[in-house]
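Next come two complexes, and both contain subunit A; in the first it sits with subunit B, in the second with subunit C.
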Partner chain A sequence: MTAYLARRALQAVAVVLLVTLIVFGLIRLAPGGVTTAVLGSGSAHQQFLAQYLTWLGRVLSGNLGRSARLNESVGALLAASLPRTLVLTGVSTVIALLVAVPVGLLQAVRRSSAVDHVLRGLTYLCYGMPPFVLGSVLILYLAVDWHFFGAEGPQAAGVGGVIADPRDLTLPVLTLALVTIATFARYMRSSALDSLGQEYVQAARARGGGERRVIVSHVLRNSLVPVVTLIGLSLPQIVGGALVVEILFNFQGMGWQIWQAAVNHDVPVTLGFTLVIGVAAAVGSLLADIGYAILDPRVRISRP
Partner chain B sequence: MSGQPSGPVLEIAGLHTEIRRNGAAVRAVDGVSLTVAAGECLGLVGESGCGKTMTARSVMRLLPAGGVITAGSVVLAGTELTALSERNMQTIRGNDVGMVFQDPSSSLDPTMQVGRQIAESVVVHRGASRAAAAARAVEMLSLVKIADPERVARGYPHQLSGGMRQRAMIAAALACEPRLLIADEPTTALDVTTQRDILDLIGDLRAALGMAVILVTHDLGVIAGRTERVAVMYGGRIVEQAATSAVFAGPRHPYTEALFEALPEMASSQPASRGLYSIPGRPPDLVTRSPGCSFAQRCRYVRDWCATHEPALDGDHPGHGYACFFPVGVTGRARGAGGQDGAGGGVTPVSAWVSGRGRQAAGRAATAAPASTAAEPLLRVSGLVKDYPVAGGVLGRRSGAVSAVADVSFELLAGQTFGLVGESGSGKTTVARLLVGLERPDAGAIVFDGADLAAMPARQRRQRRSGIQLMFQDSFASLDPRMRVKSILSEPLAIHQTVRRRGYRRQVLRILDEVGLPADAENQYAREFSGGQRQRLALARALIQRPALIVADEPVSALDVSVQAQILNLMRKLQRQYELSYLFISHDLSVIRYMADTIGVMYLGKLVETGPAEEICTAPGHPYTASLIAAVPAVVTGPEMTRPPLAGTPLAGTLSAGTLSAGTGQPGMAALPGASGPPAAGPDPAHPPSGCRFRLRCAFARDVCAEQEPALRPHAVRGQLVACHFPLGPATAGQVAGQTMPSIA
Partner chain C sequence: MTAHQAAGDKPGPVRRLTGAAGVSLAAADPAAPVRGSRGRHAGPAASPPGAAAQRAAVASRMRRGLAACRTYPLATTGGTIVVAMAAFCFLGPLVYHTDQIHVFLSQANLAPRSGHPLGTDGDGTDELGRLMTGGQVSLELAAAAGVLAAVLGSLWGAVAGYLGGAADAVMMRIVDAGIAIPAVILLLLLTSIYQPSTAMLVLVIAGTSWLSTARLVRAEALTLRMREYVQAAVVMGGGSMRIILRHIAPNAIGTIVVNVTFQIANAILILATLSWLGMGVQFPGVDWGDMIASATQTISDGYWWEILAPGAAITLVVVAFAMLGDGLRDAFSAVGYDAVPATAAEADRPVRGPGGR
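Up next is the complex of A and B:
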């Protein structure tokens, strides 16, 4: 297991370095003013590699340059928006898992029943609908018509402020969660169907006891193995969904900031945020690999 | 439930089970009645689709989707199982009836510790605590003779070899000491030596625990000597049921008789030209019910009466039932196990195989000299080496190599068959891949038709290679299911451009005819074919380019015996017709013996013995070959018919009698992987043992075996080449039966 994880960690580091190289290359390609703004004056006569290393050193110490538009450092913008986005994506992913795993399992166990068909229809609907449309529909009914929830995300600063405003947080989280549930549940269903067809499930039934025990102790864990990998892989999708949701609900997270920066040609902010998202994606897939290893002993323990 | 030691443990009466799917009902079990007494072992035999597995699953009430028991009763020790609620049934499964499945690689949950799976039934039925369950798991693991049970219990299934997994599976099935064990093809997925150990183990545990056993299998050899009674199933019914010895001495139902005659083992007692008996036609589809005997379409003794009347299962004397109006073996047929050939009757008693062995061994001594000296061989393989790199470490760099094929050399004459035999992991399939060019050898020469393929530039090699064709075991995987037969067959013609496009159709039709497929098959898809037909198609695809050599990798191991006989006969017919050569690869020694002129035995990448087929099968020189032969379940029975004695004592008295008996375990006991032996799988091909690669499993191993690798040398008195420092000599005294081989399950 250690060798496996060490290998994955090395790969993650390599990916992160690659991301920094690409971002750095983009900075160099940007108009001269930007390059100086990000890399500092006196960088023009340096070699590419030397420039890169200096820049990398600064990035590592937390200095991502200054916004071209706002009188703030990229780091400060990040510090304000990153936690907000983490709350949004984190809460909705957890909710999605808590719903999607039982739903997919139920569908598989009751395959081709009315329950399965209804749930399948619902997940297809959520899966096929763009988050933008889904969010708009939710706003229209749940916020504008019936006033259950706010139409805008929480506007207070900081994580505490966001969490303290559940009325406004509900719709953004719900939108993002629904999209994710659809993906996860469909995957969980097929994965559980796969496990149910395995001979070890028959063998477990032959040992007696109720069907519930067979499902919980044999089917569930085996079906989760591929799903965990999927979570790691769908991280970019979740981040993409978050971007749309943040814009839609005027929720000032990272996605909202990037959008603002892109619209206003604020290159340093765009690139700084891109860098952070790239790193987050690499870390996310590393986490998924660790989860995979925990669930599947064939990965964790090699043959003696 | 109260114990009833005197009455039968299981009593099935008039059981009907249907599988309902897509509006059609398959009558998988169609009126089966049988009983199993306490401590008795019943063999349930038949070909695929005969209903034997469904009968077993009906007892457990673990039927596939759409399966229902429509009539009949299943009484287990006084309890009617078909009437129980599902909740009550759950208290029976695993508690009163245990079940072992076919494929140990998929019947254990890969994500759960082995010990927890074994103790699962104790937790469910006895409410055992965590500690008690863990203790029970360890106890069960030592009962099934697994070394270091504590460690294995904490491990996961993928850390165990196939044989050990099946032992663990048996441990799990027996944890609650059930009255009845149902073993559904428990050894079909295992190598022969492992198969023998597992069957021995089940036999021992049956005696120790006094439980009844139902052994479900397609293999008559597995039944022989392991069961008291046999029930032969066909078309969802039992067609013959009797004491095992009675059925083996003289089967009465034509289907049972045909099953025996289709065995390649039986061929050695018949003139080679006759071929194996194969049952024409296909089994009934079980959806439409036709009047009369269900075997009538395929029966060679059928009369008008059979088509309109249905035979019941009864017999001429108690204990031997058969469902046939015109049973075989009434007049002029040899019965009993004396070994007299059924002269005139045309039916050979099953026991003749053994006497046939002895006869041929005696008659063969004169023709021992290798025949390959005069003519230039069609294929000469010399010094073939193939290693596969093993990735490991943090950077995934090559950290070692699995030695798949190590210095293998043999020759094959035109029109002959070379049989390559060995267990899984012996490298026999790699040899096939090297020959047909799917892999490149690391060293060695493959001289085919006078030119070295290994040394040739790629383009030239491809042209040459059309002379060598491959036939897979799993032709379903190798034939594109979305292609029509005519495209499958004309594709190789187009690639190699041996025929003009206009000639394709004529070629295709001709080849279909040759392999016994109807002409209208050209517009069908491969997926519409049965296993046997697919194998015919695979043969047609190999043949269409008129190769000189066909490399057949386990071509019949997925087939039922009757179909297997058809394919083997077909291959031999085509061989005579076209002077074809075969490199025939199989794990099944009796199939190899039937097909091959020359045999090569592989072990862990090494060719350990090679020579004339009969010589090797009757008087093996290498201890490994001897253990393989001893492990083959022999189709013999009756009190006087024990296993064929394996002739052979170490040559030239280099070993004392003491060394010999040291390896001998108790008769009938599965060899225990001793404390000193490797606890887990067999020798690791990435780190083969020094010296002789077989030495860890060899009863004759001495110090020199670890120091020096034995070369393939001519045997002192026989015609074969043997790679062993102490080859087995001619039969003198004593027997080296299978028990002397400490095997690794």
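Up next is the complex of A and C:
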């Protein structure tokens, strides 16, 4: 178990390094020699490696660079936009879980019933509808026509500013939650179907457990394991923000910042933000595997 | 209807492909119940040997096809919608003529009315005709990108899974790193570096999408390479490339075919997102994402038809491809889109590309 986790942790480090290399390489391909302007040129022969190592050295000492466009350090920008994004994605992920777990479970228990078909249709719809379409439709009716909510996300600075403005926060959260529900419910349904067919469920029924008890303490508990994995794997999206939703609702979070940086060729910001998201992805995938090993003893035993 | 739906729905939790035999059996299965009818028609009525026998053969083949459709209603519905949408986009303009080139400002932003069943957009262009023109671009690019991504990913995954060891570790860490960077950011970087021409868009979309296929096919190849027939091929002196192309890849075909449909669905979403961000199809070309992008600019004026029409088109096609994929997966009972991931490493990219969160 320890050896397995140690190996996974090493892999995670390798992945993070590769992420930085890919992003750095891509940005260096960009026209205009921006990287050279920011990082200086090493010897002509080893330019790429020298620049990469210079940047990596600075990052490791905690300096993510400085945006010349905004005249602010990347760290400060991160500190400003990460909490805002976490409120948006955190709230919508929690809502999505609260809806998707019961929905998926219900679909699995009432499999192939009218309820299952209707819910399946709805999850298909949320899966197929791009967030900018869903968000636009919500704005069109709930904000423009009926004035229930604001058409823009909260504009006040900081976490306090976001939370203090539920009227404007509702539509971005709703858009994101609906999109997430579609994925989570699909996983939950197929995971619960998987559990329902297991022998421990039969055994619980044979022991005379009531249907409610069997579903809640056997099927539900075991079906949640893959969902935990899914949450771990969603970590980069939770940290990286919902780029499309943030742009649509003009919500200054991580996704919005990274989009502005990419469009304006703001290299330090793009690199810094992508690095943070890459680290989140590596950590999330590691956490997912650890969580899985903790929750499911079979994984622990069978793994070398 | 419901009974058939239930049958098609069944193999939801099935997770492992059963290999060569499993695939071909599953594919042939739907034909089995009616196969016997061919003999009945071909037998006594054989006096005019040519035409009648041929007609009977055609009829029996059609009956078998219908039976297959009834066994997998999900795939049939999805496939029908896909074909219908393709016909709408490519054949529609032959019937419904519109001027998609000139700007008519006096006709701008008209609500649906006779002559303009879906209204007009901000340039005064007929929305229904634009839906067809834009759909051609969306469907063509997405199909090309989806197929390319699936082919690239399958080869990468098959090679990694078959070789194993250090090569596998390195190849899969590259995939991990690629997946760690949200696709939309990769796409932003790539499209801001390269001018988004049509070919470049296809390459860029495929270049960010092949990763999930690689994971899927690698998992498949890991189990396939232990099969006796692969071992036999190795013993007989087959080279790695030959074994991957002739033995591993063909036996993973169920997984790959299912994956192609999801890749196309995903490519439609990615392309629409890129165009919505202004980095996709460039003026004067147009696709569904572009149409929504210009409608988003004037959203507070309440021109609902400019958002609902292309929005519905995208949603319909993506859902249709997803249904087709789910149905095909049921038919192949292969590892697919909503199979439960055993570990994080085995899981497919959890939330769809850039459109996702």
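One rule holds in what follows: the second predicted complex is superposed on the first by the 252 of 304 C-alpha atoms of A that agree within 3 Å, B and C clash if a C-alpha of one lies under 4 Å from a C-alpha of the other, contacts with A are read in each partner's own complex, and residues count from 1 in each chain.
By definition in this document, a contact is a pair of C-beta atoms (placed from the backbone, for glycine too) under 8 Å apart; a residue touches a chain by one contact, two chains touch by 3 or more.
These numbers were taken from a predicted model, which means no experiment stands behind them.
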| item | value |
| --- | --- |
| Partner chain in contact with A:A6 - subunit B first, subunit C second, else both or neither | first |
| First (subunit B), second (subunit C), both or neither touched by A:S217 | first |
| Partner chain(s) touched by A:V245 [first = subunit B, second = subunit C, both, neither] | second |
| Subunit B versus subunit C as contact partner of A:F132, first or second or both or neither | second |
| Touching partner for A:D194 - first (subunit B), second (subunit C), both, neither | second |
| First (subunit B), second (subunit C), both or neither touched by A:P297 | first |
| Superposition-derived comparison: subunit B or subunit C, residues of subunit A touched | C |
| Partner chain(s) touched by A:G208 [first = subunit B, second = subunit C, both, neither] | first |
| Subunit B and subunit C contact sites that coincide on subunit A, given as residue numbers | none |
| Of all residues in subunit C, those that touch subunit A in their complex | 2, 5-6, 9, 12-13, 15, 173-174, 176-182, 184-186, 188-190, 192-193, 265, 269, 272-273, 276-277, 289, 292, 295-296, 299-300, 302, 304, 307-308, 310-311, 314-319, 322-323, 337-345, 347, 349-352, 354-357 |
| Interfacial residue positions of subunit A with respect to subunit B in the complex | 3, 6-7, 10, 198-200, 202-210, 213, 217-218, 221-222, 225, 295-298, 301, 303-304 |
| Subunit A-touching residues of subunit B, taken from the complex the two chains share | 60, 62, 87, 90-95, 97-99, 101-103, 106-112, 117, 120-121, 124-125, 155-156, 158-159, 169, 172-173, 392-396, 680-681 |
| In the complex, subunit A residues that touch subunit C | 11, 14-16, 18-19, 21-23, 26-27, 29-31, 89, 111-112, 117, 124-125, 127-133, 136-137, 139-140, 144-145, 151, 176, 179-180, 183, 186-187, 189-191, 193-194, 197, 226, 229-230, 232-234, 236-237, 240-245, 247-248, 258-259, 262-263, 265, 270, 274, 277-278, 281-282, 284-286, 288-289, 292, 299 |
